[in-house]
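Order of writing sets the labels: A, B and C. Residues in every chain begin at 1.
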Amino acid sequence: MEALIQTFFNPQIIAASWPIVLAGLRNTVLLSLLVVPLGLLGGLILALLASVKNPAVRWPLMAWVDFFRAFPPLVLLILLFAGLPFAGLELGGFVCVAIAFFLNTGAYYGEILRAGIDSVPVGQVEAARSTGLSRLQAMAYVVLPQAVRNVLPDLLSNTLEVVKLTALGSVVAVPELLYQARQAQSITYNPTPIVVAAIIYFLMLWPVVRLLSRLENRALAAR
Amino acid sequence: MLRYLPDILSGVVVTIELALLIVVTGIAAGLALALLRSLGVRPLNWLIIFVVDLFRSLPPLVIIVLIYFGLPSVELSPSGFVSTWLSLAFVLMAFSEEIFWAGITSVARGQWEAARSTGLSFGQTLVSVVLPQAFRLAIPPLTNRTISITKGTALGTVVAVTEILGQASSAMSNSYNPSPLMMGAAAYLVLFFPVVVAARWVEARFAWKR
Amino acid sequence: MPLIVDARGLHKYFGALHVLKGIDLGVAERELVFVIGPSGSGKSTLLRCLNRLEEPSAGSVVVDGIDMLDPRTDINHARQRIGMVFQSFNLYPHMTALGNVTLALRKVAGRSRAEAEALGHAALTRVGLGDRAGHTPGQLSGGQQQRVAIARSIALEPRVMLFDEPTSALDPELVGSVLEVMRSLRESGMTMIVVSHEMGFARNAADRIVFMDEGAIVEQGPPAVIFESPSHERTRTFIGQIQRH
């Protein structure tokens, strides 16, 4: 038992690596605050485009969305980070993460918002248009508020995924939480920092998971 | 370009092996947990919920790193392959338990009552009446979630698994040429794009149930 | 008497289905026109063509002097002149009754919040729901929801109101409250076109009954004529069927 604590919860190492790990946490939070709105914006654009009836718009759109849902985000990231330099474009790890996430999570958010928009009865749009609201006004004031409400659990769930995805930044040396933890681990030859990082992730995200569970159960009961 | 093909192909094989292992063990474990939960034993349910919450909260990469770099300290040395498999299987287990559980509880109370009142036991009701309906409800979210988790096999690169990305990366650094990476990306697309399209079809097929 | 609504030669195809076969309909100011007919006769489609919720395949629609089908027409502006009440109410569930009524006032008519709320309260009071302004649709009965829907339309001071089966989705005991509002609207001089099965209301309040069958107007005239001595066989049959209950 004592040995286990020394190995995985070593107090001295926790104290020593704490600043490094904390810096990582800060960057994870900053990164999340950047990529979640970016992804939502991308998703909103995709979802609005999807409501256009023209098949010349819908088919490429569906292909785009399916492409970025099929493509593993890590591969996309590596492609941008390690591949682009061959084309003469050297973007830093941070920028690559931002672009990769915008493309990948935008596709997921787009699907969710599209389903949300589809779930609003067409009568709502008819009523809004018949009082003289334009297509855009009807979307903004009548459809989107209801759409978002309808798919809130899915939006929340995807946001959770996005925050977890920031850990991928560690592969391209973005100094977020996992990267910092691994640095500390390789310096100290002790896995404690990684355990600390895991606990931090858990404490940070578990409340959202609980909230999500409760929302999902409530949605089920309402059916 | 062609000289990278054998490497990439061997990477494809590993990716497929890993993915299949993850899907089979993850979903089976998730189903088992959901069935256990339906027994209604309070302390057991709390344990299940805690485990599920745990694996829903942790980024898969963190779990891989924990297993691969952490366990050696207690005399266990799982390979990169095993670390990746276990991590993603645990994550899929957690998500699929939630999905199966949602499916089971969605099946109307009336179904249970009707079946039990005709004399069927708990087990028989579960198997013949509730589960078939629960499965229909579970399939669309499950296919979605499974795809998104199995794409995580790419994470294996971080722990030296010789799957597609791993092979492509090392070939690329050996040759100082982006072609292997492009081929690797193409390989992923060839593998996963059809699956995503098929999933769309599956979802549409089961959507009327709502 | 100038026509508020002047529809000529309206045709509508849904794919291969010919739903409207050359409809001519003129409605004068202050007239209450009741459109009746078997389901599938195109009554709803006709109504929805008048405010261009459906695009006619051919023909012309002029409402209050505005050519509804001209691409240069500001359709959103034009639609404020035409009120529409739907069978399924279509109230915005995420807003209060007052919010429902004031949305278009603020966003299309450009009224300030204060102005819009004053107008909204007035409209809600007119339909007997002044005290329910802060309620959401979920807190209102079907009849109350439909009356809020009517208030939503009349707040914009339309020149004509279209009613698409306004009471068909209501429990019988709630129908009366909505018909009451429609009656008072008529008395205040509103031009109304109503698609409905409420024959009692038609008999008492309508100026003209239009009988439609299979996409065409078969016969039209005052209620007394249509109900007591229709000229056409099909009209007779239909009237006979609905009189039965």
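Quick notes
Assume contacts are C-beta pairs under 8 Å (C-beta built on N, C-alpha and C of every residue); 3 or more make two chains touch, one makes a residue touch a chain.
As the structure is a prediction and not an experimental result, all values here were calculated from the model.
Central chain assignment: A. Criterion: smallest distance from chain C-alpha mean to the mean of all protein C-alpha atoms.
Distance between Cα centroids is largest for the pairing of subunit B with C. The geometric centre of subunit A is 47 Å away from that of subunit C, both derived from CA atoms. A straight line joining the Cα centres of subunit B and subunit C is 54 Å long. Distance between subunit A and subunit B, defined via averaged C-alpha coordinates, is recorded as 19 Å. Multi-chain contact residues of subunit C (touching two or more other chains): none found.
The set of subunit A residues that touch two or more partner chains is empty. Those residues of subunit A that touch subunit C in the shared complex are 121, 123-124, 126-134, 137, 141-142, 145-146, 149. By the touch rule above, subunit A contacts subunit B in their complex via residues 4, 7-8, 66-67, 69-75, 78-79, 82-83, 86-87, 160-161, 164-168, 170-171, 178, 181-182, 185, 190-191, 194-195, 197-198, 201-202, 205-206, 208-210, 213, 216-217, 220, 223. The touching residues of subunit C, counted against subunit A in their complex, run 51, 53, 76-80, 82-84, 86, 88, 90-94, 103-104, 107-109, 149, 152-153, 156. Considering their complex, residues 49, 53-54, 56-63, 65-66, 69-70, 73-74, 98, 102, 105-106, 147-148, 151-155, 157-158, 164-165, 169, 172, 177-178, 181-182, 184-185, 188-189, 192-193, 195-197, 200 of subunit B touch subunit A.
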